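The structures come next, written out as structure tokens.
First chain A sits with chain B, and in the next complex the same chain sits with chain C.
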Partner chain A sequence: MLLFITRRLLFALMLLLAVSLFTYLLFSILPADPAALTCGKNCKPEIIAANRVRLGYDKPILEQYWNFLKGIFVGRDYGTGAAAFSCPAPSLGYSFSQHECVTTLIARTFPVTAYLSIGALIMWMSLGVGLGSIAALKKGKWQDKAATTFSAIGVSLPTFYIGLLVLFSFCIWLRILPFPKYESPFVNPGAFFTTMILPWSTLAVLSAASYTRLTRNGMLEAMNEDFVRLGIAKGLQRRTILRKYVLRSALVPIVTIAGLDFAALLGGAIITESVFSLPGMGRMSIRAVVESDLPVLVGTTMVAAVFIVLANVIVDILYGVLDPRVRAK
Partner chain B sequence: MTKRRIIGAVSFALVASVLAAACGGGSDSSGGDGTPKKGGTIRILTSGEQIAHLDPQRNYTGTDLAFAGSTMHRSLTSYKYEAGDAGSEIAGDLATDTGTASNEGKTWAFTLRDGITFEDGSAITCADVSYGVSRSFATDVITDGPTYAISYIDVEDYPGPYKATAEQQTAYDKAVVCDGNTITFNLKNPVADFNYTTTMLTFSPVPKAKDNGEGYDMNPVSSGPYKIESYEVGKALTLVRNENWNAESDDLRKAYADSIVYEFGLEEATMDERMIADAGDDQFAVSEGIQPENLQTIFEGDEAVKARAIDYYDPFVSYTNLNNETLSCYEVRKAIYLALDREALRKASGGPYTGDFADGFVKPALALDYAKATLPEGLNEDGSANVEAAQAAADEAKTKCPDVAARAASGLNFYYPDTPIWQKALAIWQDNLGAIGFKIKPEAVEPSQYWPTVMNPETEYDIARGGWAPDWANASTVIPELFTTGGGFNLTRNSKDADYAEFESLVNAARTNLDRTAQGKQWQELNQYVVDRLWALPGTFLKAQSIWGSKVGNTFQWGPFGAFCFGNLYVK
Partner chain C sequence: MTTPLLSVENLNVSFATPDGVVRAVTDVSFRINTGETLGIVGESGSGKSVTASSLLRLNNSVTASTSGKVLFDGTDVLTVDEDEMRRIRGQDIAMVFQDPLSALNPFYTVGEQISEAYLVHHPKASKSDVRTRVLEMLEKVGIPNPSKRIDEYPHEFSGGMRQRIVIAIALINSPRLLIADEPTTALDVTVQAQILDLMKDLQQETGMAIILITHDLGVVAEVADSALVMYGGRVVERADVMSIFSVPTHPYSWGLLGAVGSLDTSTRGHLATIPGTPPSLISLPNGCAFRPRCSHQEGVESKCANNVPVLRPIEGTSSESACHLADHQLVSIGQRSSRS
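Here is the complex of A and B:
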């Protein structure tokens, strides 16, 4: 198992390096001129030229990438003389439109996205696996039909629609909840909860819909397996069979997908964060796209890639825990 | 305690905290009539992620100037904090008056008031103002800000205070002289309205010891009635009272509210709904901008909501630049203008709430400089195309200037930003010009690259969209900027026009006229001069709409900025 984990982590590291190089090169060939973007209404060619040198965009692209990579380990300095400043390691660059080091921006926005993702994950797994299990056990009955209908509706509705609907319903028409205004759970837990309950629910409804279907189908498939029939024949309790054999078997693909979905959310639930005015990584990324803020774009892409790669590693490890056959290999 | 009781207690606490949070909030001021009173918290709602720049020397957009100038940053002079035309008049701010010109406008002196302080209580000195102005020369660090100090002040090759050698700094100090409380600016050329230039926050003081260059944008030192308590991009900026602001030294700012909270990153659709609903904290809020789909609801629906909204001219004018080198024939330019269905173009960009048809390039808000211009004969007042008159002009062009007419018939390079609105506008342009035998060759430009593209002298456009707002309440920042070779935004390429030399000398005369009223008349005539020649085609005097909560007072739109006078809003 240890060798397995070590191999996966090494592979993940190589993958991240490749992603970083590809990302950096890709953004560098975009038509937007990052030096010109630091200049406003009275931009003159000589100002752009001076900024290009100051920000290091005049150097060859591979040298720029090397400086970017080096910055992750040793930090990075900008400017000269009295106006010099630096971004300490791990530096992912500096955003000239938000006037902060990219690492600082990510450190501030990531917890918001993380809280959103974790809460949504708990809700959608509980709801999706729960409804799916009921649907499987009550196959053909009204509970199954209700779960299937919920699943069909949930996957059909776009995020922004559900988000705006719940926002308007609870905050404007019914006035049950105040408008979302994010506060850290350590500063104001009440405000945190009242802010997050709607975006959690929005994401949960969307994702639970597909997880309901996955769980239902997975359990139905498992219930037809020989090992289940053997368990029944041996006189095991129904509850034991369902918990230890059926659900566990059905959970294997669900864990994979949940891991990847969660990792993708950690990169930023853009629409949900925008609708509910959450200052998370997703919203920051959208702003970076609109403003062609290349350092932020590269930084958030890298962070998102880290989560996807890590998620794959963790999922692979969890596979080994759930499925003894993988451990044996 | 049993497991069940623990769960019960936790659940109760959770629900209680939810209810407390849901019912809590709201400002602590009492309600009342329209009399301004101290106290409470004003909220400003925006979908933007942050103030573009709080660094005074980098601050350049109308709303941001209105916000920062009325709360945190005093300048040598300022506009009066009044509604209507009076709001475009200037008064002394840090200075005792609006300055004294000498040397035919090449030298301007301002005397600083007594009792002016930064937020830490230290006195604001002439050196602080001089240092602030010098920062704007460091264009590699102090980006995005106005560069009028660089253009006007009589110093060459000064790179700003971060990199200046001793000799360079000495040269700057000779151009901007401090003598006790008096700061004197020596200019390269006469500037009759330099005391309008000094309303810009470029002329705000900065304490050298607290200047951290690029980072100053996040924590500037206040010289106004409010200071930063917290600033989180994407979340909120909170200003609280600056206890060291001396109200007696400030005739302009009233600072009624105890605090001002700028809330960022709000979803636009919900902002309008919140303001219409006018509940809770939103009663103490203002919102800049209304979504087009909600304009009718707000302005043509409930009277109570309508009373809390305003439809007003913002500082911007939209127009169309014509390349007067390739379109050197007046009849062709006239034919294009008469052929346009301006009403259709206005509909495409949002309808009548977008603005009114312009009669020139100087907006009515510049009260001294505006007079209704006479437009070309045949132009329909309702904005519809006059195809017959346009065709007549096009036919006349075939005789008077056959080369230009042929160019128009074969295809005019039409540069536009590639947005959904402009794609609709392009179709209208193609249709309208096609009706008189002219063709369009569309050149879509990625929006963020549009201005760098058309401002590049190598770009071969015939027609290019334009838009401008004056940098201060004087047409000296409109006519010269847009139509002279020294202007920063002249896209008409009109320098080879037979009348250009005369025009330029008239402009120079107006710029150096220290009699403001007489100068205003000159700008009116120069506006007509441009319209008579159609070097550019007048488009729309743009409008904007805003809405505020029922418990906010002083919600007039401040003419020079097209924004609220944020610092003087009060809680009713």
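Here is the complex of A and C:
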């Protein structure tokens, strides 16, 4: 087991290295000149040249990449003399459009994305598994049809549509909730919840739809298993059979997929964050794209990659914990 | 005559499917006494497994409709409430399934699964007592090194060993009736014999009755006291096990016996088969369900085509058969077919 984890982590590290190289090179061959973007339209060529040297864009591309990698571990110093500044380790570069270290930017925006993802995860899991179980237990009845319809709608509707729909319904039409304006949960918990409840629900409805299907089909499949029949033949209570036999086997694939979905969200829920004006990583990435703010893009891509790679390792380990058949190998 | 342990009277089971009503079991009646073994023989789709699941009400409650009586020790299993049914399941009547690879829950150790079967009927038993009992049971069904293997998962056992675990689950409450639905079909031939021996030994020890469902006449010959031959959802022959091999009295039984190979079979080359395929239980033929495949209809063709034959005692034997042929014809062809 320990060997397995070590091997997986080493592999993950190599994967991250490859991802960083690719993103770095990809963004570097873009036609935009990063140095030119550091100041406005009427910038003097001398300033651009000075900034190019200051930010290290005058060096060959591989040396730039090396400096980037080194910065992650030892931090980076930019410029000399009075104009000097530094981004301490772990440094992911310096945003020339927002004039801040990328790490600082991520540290500020990531919590918002994390709160969004965690809340959405809790909501979609309870909604999806709950509805799916009801649908499986009431197969063919109206509850099943309602849940299946919900899941079909949820799967088909695009995020921004659901987002705008709930925003319009609750904030403009019904006026139950104030218009979303993000506040930290530690400063103003009430406003935090009233702001987050809509984006949470939007993401939850979206994902719960597929989890409803997964749960329903998994449970129905499990109900036809011989071991469930043996459970009934033992004289077990229906409740026990549903919990220990049916739900237990339906849950294994659900937990693994949920892990991966959650990790993908942590990289930034671009559309949801934009619709609800949440200052998260997704919205920051979009802004960086518009402004060709390459260091920010490389940074957020790296963070997203770390989460996805990490989630894969965790899910693999979790799979072994959940399913004894995997554990043995 | 003493009351039998289990008496099934006119059991009918049908399933509603999108293609039509499947008449899986029609007018099946039989009895079994304590300590006896009854073999139910038939091809796939003859209704034998549905008959077995009906005894524990394991059929899908939404699509199946069941009528008739299943009297276990005087109680009609088909009409008792769900709580009473749960008490009967596992405690009075236990079941062993065909495929041991899928009959065990992959997420729990075998020890947990056997204990669970015991605890559900003995909720007050202490943990250590249950463990002792489970270990005893594992020992009894021939699992080597039980104290180590009790904490292993089903996938760590071979097919034969898993079937032993399933038997341990079935027998931990010392049931009075064991229903074994093709318990050896999924196993290797050598393991089959071991499992059958094990069941016989445990029967001698506990005096339970066994209903053994199989398509293998060899298995019936080895362990059963009497046999029920099913075809198209009906019982076509009922006989003690000696008679069914010496003087089978139904054309279907003749065909089945003819299809069993043996080392001294004189006919070289092809093994005899019954021509045709079993009937669809959605649209059974008029008259005798076996008619389209039967080559013994001389003189009774119109009866075979129009009337469903009823099970009746055959003169000169202790068997009952559902065939329109006269008794003496059945006996004489039966004697010839068993010798060939």
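We take it that the second predicted complex is superposed on the first by the 325 of 329 C-alpha atoms of A that agree within 3 Å, B and C clash if a C-alpha of one lies under 4 Å from a C-alpha of the other, contacts with A are read in each partner's own complex, and residues count from 1 in each chain.
Definition applied: a contact is a pair of C-beta atoms (placed from the backbone, for glycine too) under 8 Å apart; a residue touches a chain by one contact, two chains touch by 3 or more.
Fair warning: this is a prediction, and the values are worked out from it, not measured in the lab.
Trainee: Clash or fit: chain B and chain C on chain A?
Mentor: Fit: chain B and chain C sit side by side once superposed on chain A.
Trainee: Which partner does A:Gly235 reach: the first (chain B), the second (chain C), both, or neither?
Mentor: second
Trainee: For A:Thr212, select first, second, both or neither according to whether it touches chain B, chain C, the two together, or no partner.
Mentor: So A:Thr212 meets neither chain B nor chain C here.
Trainee: Kindly classify A:Phe227 by the partners it touches after superposition: chain B alone (first), chain C alone (second), both, or neither?
Mentor: Touch partner of A:Phe227: chain C, not chain B.
Trainee: Could you look at A:Thr113 and tell me whether it touches chain B, chain C, both or neither (first, second, both, neither)?
Mentor: neither
Trainee: Just checking: does A:Thr159 make contact with chain B only, chain C only, both, or neither of them? Give me first, second, both or neither.
Mentor: In the superposition, A:Thr159 contacts neither chain B nor chain C.
Trainee: When the two structures are overlaid on chain A, which partner does A:Ser249 contact: first (chain B), second (chain C), both, or neither?
Mentor: Touch partner of A:Ser249: chain C, not chain B.
Trainee: Answer with first, second, both or neither: which of chain B and chain C does A:Thr194 touch in the superposed model?
Mentor: Only chain B is touched by A:Thr194; chain C is not.
Trainee: Using the touch criterion from the header, give the chain among chain B and chain C with more contacted residues in chain A.
Mentor: On the superposition, B touches more of the residues of chain A.
Trainee: May I ask you to decide whether A:Thr80 touches chain B, chain C, both, or neither, giving the answer as first, second, both or neither?
Mentor: first
Trainee: So after superposition, what is the minimum Cα distance from chain B to chain C, given in Å?
Mentor: 27
Trainee: Pick out the shared contact residues on chain A: the ones touching chain B in one complex and chain C in the other.
Mentor: None.
Trainee: Within the complex, which stretch of chain C touches chain A?
Mentor: For chain C paired with chain A, touching residues are 56, 58, 62, 86-91, 94-95, 97-99, 102-109, 116-117, 120-121, 153, 155-156, 166, 169.
Trainee: If you look only at chain B, which of its residues touch chain A in the complex?
Mentor: Listed in rising order, the residues of chain B that touch chain A are 14, 17-18, 20-22, 25, 49-50, 60, 138-141, 143-147, 161-163, 212-215, 217-218, 232-235, 263-267, 269-270, 273-274, 277, 279-280, 282, 446, 448-449, 452, 488.
Trainee: In the complex formed with chain C, which residues of chain A make contact?
Mentor: That would be residues 140, 225-227, 229-237, 240, 244-245, 248-249, 322-325, 328 of chain A.
Trainee: For chain A, which residues are in contact with chain B within the complex?
Mentor: Per the touch definition, chain A meets chain B at residues 31-33, 36-44, 47, 50-51, 54, 78-85, 96, 98-100, 105, 108-109, 164, 167-168, 171-172, 175-179, 181-182, 188-191, 193-194, 274-277, 279, 283-284, 287, 292.
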